[in-house]
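The same chain A turns up in both complexes below, where it pairs with chain B and then with chain C.
This part shows the complex of A and B:
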């Protein structure tokens, strides 16, 4: 940071924060206008179901985008790795495996909750395994150990998923693949209430941890000297991040890039202070996913999986960001 | 201690098992009593619709191989060995039955035809994915298998039946609108370029998926709500999945016209309905009945192989 100009930068970041805050409702409102039934607001009296479906979908996009993005912020702070994202600790492949098992065994036919439940349980089990492997004998898991065991457990889960898909009947395979691409068409409002509620609560809890997260980004030792109980905070924050990731995966399948891209963008806009970064990332992530979903349901005359859209928009944008930062001379 | 002993004898067990499967494999691979004694072509069919056509033109006794999906007519397929799955045949098992001609519809692997040729197996693609391709396919099979007479008669019958049905059809404005679903997760509907769209149109319905220039496509709840079809017809190949319940449980679907009036039908015999073959008139009759408001009779032979 240049010592000469802290004040204007601070005001610029504050201005950006208010911009994000103000722009989010506008974007969400625009999303409500877009849908498969046509562009425009569905009439409340003649098309109540369509309006309701659309509102549910925008709400689902917002909550899940916010959750994934917040989880990304936490994991990038704790693992102190710019490539960390909600799926880095194997949550996605664990959840994917759970969903595939539920779909292919026919457990999914039992109700709207069976696939989410199964993916949630396996996601949490995966995290516990990763955590256990990273810190053998109850010792505090190192950042390095966490990432390494995350990658390993993740690839084991992926191979199991591939095995299941390869022996599955062709139709079941179709369901599994569709699920792994993400979809915000919520099959049950009760599911959204549980999953979305859990995600929102998790985001708020993460926000409450902001000061501790700020200290931890300085390094675990430094944080310890600042009086932060690093071990507890790391465990709680990782637990929260996984919980909200697993909840969103359970509701909408695997949606990539939100948790990686949005925290980075928000950090450049509003600065690294988590007290401001967490709410900005939640709002930005929510708006980003809702917009991507609006594109997914209107770009072609058929549904596109939203995970594909986030990757198509997010990928190039991320590269652009990287390129600009490299030109500016700072590479994290 | 006991598990140790078990482990010791397991190679023996394995060998016995292996030998068992090998010998049974050999027995199966031996040409099952040369059906083509009279100098007829030995034919392999790699698609259920083609198997039905081969039998319908009177060449069922020439079949020496089939796909695992070929299940009709049962008395013929029972004695014909399986040479692979639908669209995914095994070249080795195919060579094992010494066919003179391999008939296929579509392949998962596009290079398969070339591999057949390299193995010096005569082969022909019988395109049969749309309604109007069925008579053509029947004629082609008739010519290839030297059963032209019966094939031609069958094809002419079908064409006449199609033409008569079309002549009696309602004008487009008066037809009941139908949502045709082939998979429930994600909800996948039949578009303009599908066999089911052809069938529904011929039966006097209006497929709402016709506006999409595809064979099958994913739909959202909103898309369905905006079109509010008179009928929802589900042709989902998934055993005992309660597709009807799953669909009617979708948010907002209880307000759809088809759901309110009870016009959601899922108990079709999909081996008839989804197969562009000689039994298409049976499928047509079932569909007409459904569009008249009578639910289809559940398939009688769910347990059949």
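This part shows the complex of A and C:
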């Protein structure tokens, strides 16, 4: 006999899923209310511009948070490592370099697609380089190889980015620095539409891959035995993760920790099944980033870069999780 | 009965190493087949070829009449399921989540699993007795429960063939039998073809009516357990002696390593003097000490490997200076030590002019009526200019010295408490 039968895990996880689903619009609504002048909705008849700015900013936070979080979920599933994240593989740095090149060369003036495109191209190149370096001779690279070469390639990208910044004209420099810290201030609604649209589509496509992602977490060989076209799925999923990372970096710069932290929390809340984890991570990531941004906008008299806030909240919380896991007997 | 597996002239391997070499095998549907062989024989490679993970360099692989290379992944998953030795699952899926993954190819992308999928998963869980623990995270289960859940995952594929790759080797006796009985039932009741790789020869012989013994990528023997698991086949493949005993009543086979070394402490402190040198006496010194003999040794040069072993084991040893020929005082000391022993053992020490004096010791002890045991093959160890060692050892043998082959043989020839009444209470 079990002592006082607890709520079945499945039921508990379903409840948590509905809770995330219900809480997200509430949090987003609160974010719209929060402004530099205090809590309250700007009068849309007298201040339509402010209201519009706030709405687009919350929308940007939501879409980018969702994208970064989903990219983390995909990388964690495919590398079978809870520490994987767009930053770990160097994808973000590559995308950042691409965006910086577009901004500094004036390529960005060519249209809303130009920055995400430049980001995506460099993010893909980065991922291919990392993959190539990690597994010499075309063999499948180990997780450690991937992470190690990811860190190295990432630091090379960051150095190149810093180099570009240091030789750039003064006006360009400020925007790039501000942007490497992560910034959700929407400079172009067209860019947000393109980047946000790509992110949303990418998240939905990733959700569609849920059964395959589930199987792949059991190992690539086991997924093969279960009838998954492992090579195709891995390529498509990595491509999608790269795409949405590049799109979010193009819109808002480098924002860390969302892809690492949110999937971790959501996995403990709704369970690791991707059919629930992907939407929960998307909603949770979106709400998390929107709230962080609201705090960044309103906490002090000056605006703080949102990447600083996510790192300040995410870092200690991640350490706390790590500590708890270690005490509970090993990492998941 | 049609064929479940037909392999014809398959050569397969990895980047720089071919493992299977022109390999052919035919397995009728409904067979329960055990695949045996030492590490590196090609068992796992064979499974990789069968499950389509490894594309062979040449030859044809056919599963249930269809070339494996042309099977769509989803179709292949309905034919073949694999139960690995151990599945590392990094996240806390519940048992039911994991078993449901057996239906990966038929699951709807967003919606709930269909009634049919749910029923199949339910049956797989009941069959493997994991229905009660369906809500437990797989990361918190015991080894036995975990492996049962993996078998349930394989069953949920509704495969026509199951490949078990040492699937029970991490389990205790009870769970091992349980899983084997489960698989046997699937085989007998549902006609599922089962291939199992096992290092447990006895278990394989018990559950499989046909065994295939592999070595270096080739089939060494194929047939009934009693025909495959012969002492000769096993010695050839595993390169060690085993004893196979067939139970007259049940027909069951029992396989033991043989010959067994005697249990420890049969020596009862009986004194044995060992003539060794150059590291050849290491095993003898260690084994005799372990068996409880009072071992003495000499003459050795200081710094000799055997001298170090002897010192480590606390064996009283007569030593000569490094690189010096055995001198008169050492010879006398050795004579005194050996005189206290019940028997003198000559190991596979090479002889040259420097240590030939040790043969004096053996001759004197034999003359004094003590048993002398010499290791065979002195011809290959004699480096004296005039083959004096060969001559003198042969002389010892003609005067009654016993010749021993290996450590086990030596131990059967040494005096024990039973042959030594003085030591008995």
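In this section, the second predicted complex is superposed on the first by the 266 of 332 C-alpha atoms of A that agree within 3 Å, B and C clash if a C-alpha of one lies under 4 Å from a C-alpha of the other, contacts with A are read in each partner's own complex, and residues count from 1 in each chain.
Definition applied: contacts are C-beta pairs under 8 Å (C-beta built on N, C-alpha and C of every residue); 3 or more make two chains touch, one makes a residue touch a chain.
Note that this is a predicted model, so its numbers are computed, not measured.
When both complexes are overlaid on chain A, the residue A:298 reaches neither chain B nor chain C. By the touch criterion defined above, A:158 reaches neither chain B nor chain C.
By the touch criterion defined above, A:221 lies against chain C but remains apart from chain B after alignment on the C-alpha atoms of chain A.
In the superposition on chain A, A:178 contacts chain B only, with no contact to chain C.
Once chain A of one complex is fitted onto chain A of the other, the partner contacts of A:207 are limited to chain C, with no touch recorded for chain B. By the touch criterion defined above, A:106 reaches chain B but does not reach chain C. Looking at the shared chain after the overlay, A:56 reaches chain B, while chain C stays out of its contact range. In the superposition on chain A, contact of A:114 is made with neither chain B nor chain C. Common to the chain B and chain C interfaces on chain A is no residue. For chain B in complex with chain A, the touching residues are 183, 185-186, 188, 211-212, 214, 217-223, 225-226, 236-242, 246, 249-252, 255. The touching residues of chain A, when paired with chain B in their complex, are 35-38, 47, 49-50, 52-54, 56-57, 103, 106, 108-109, 112, 171, 174-175, 178, 183, 185-189, 297, 301-303.
Here chain A touches chain C in the complex through residues 8-10, 80-82, 137, 139, 207-208, 210-212, 214-215, 217-219, 221-229, 267, 271-273, 275, 332, going by the rule given at the top.
Residues of chain C touching chain A in their complex: 15, 51-53, 73-78, 80-82, 84, 87-94, 96-98, 101-102, 104-105, 107, 109-110, 135-137, 139, 157.
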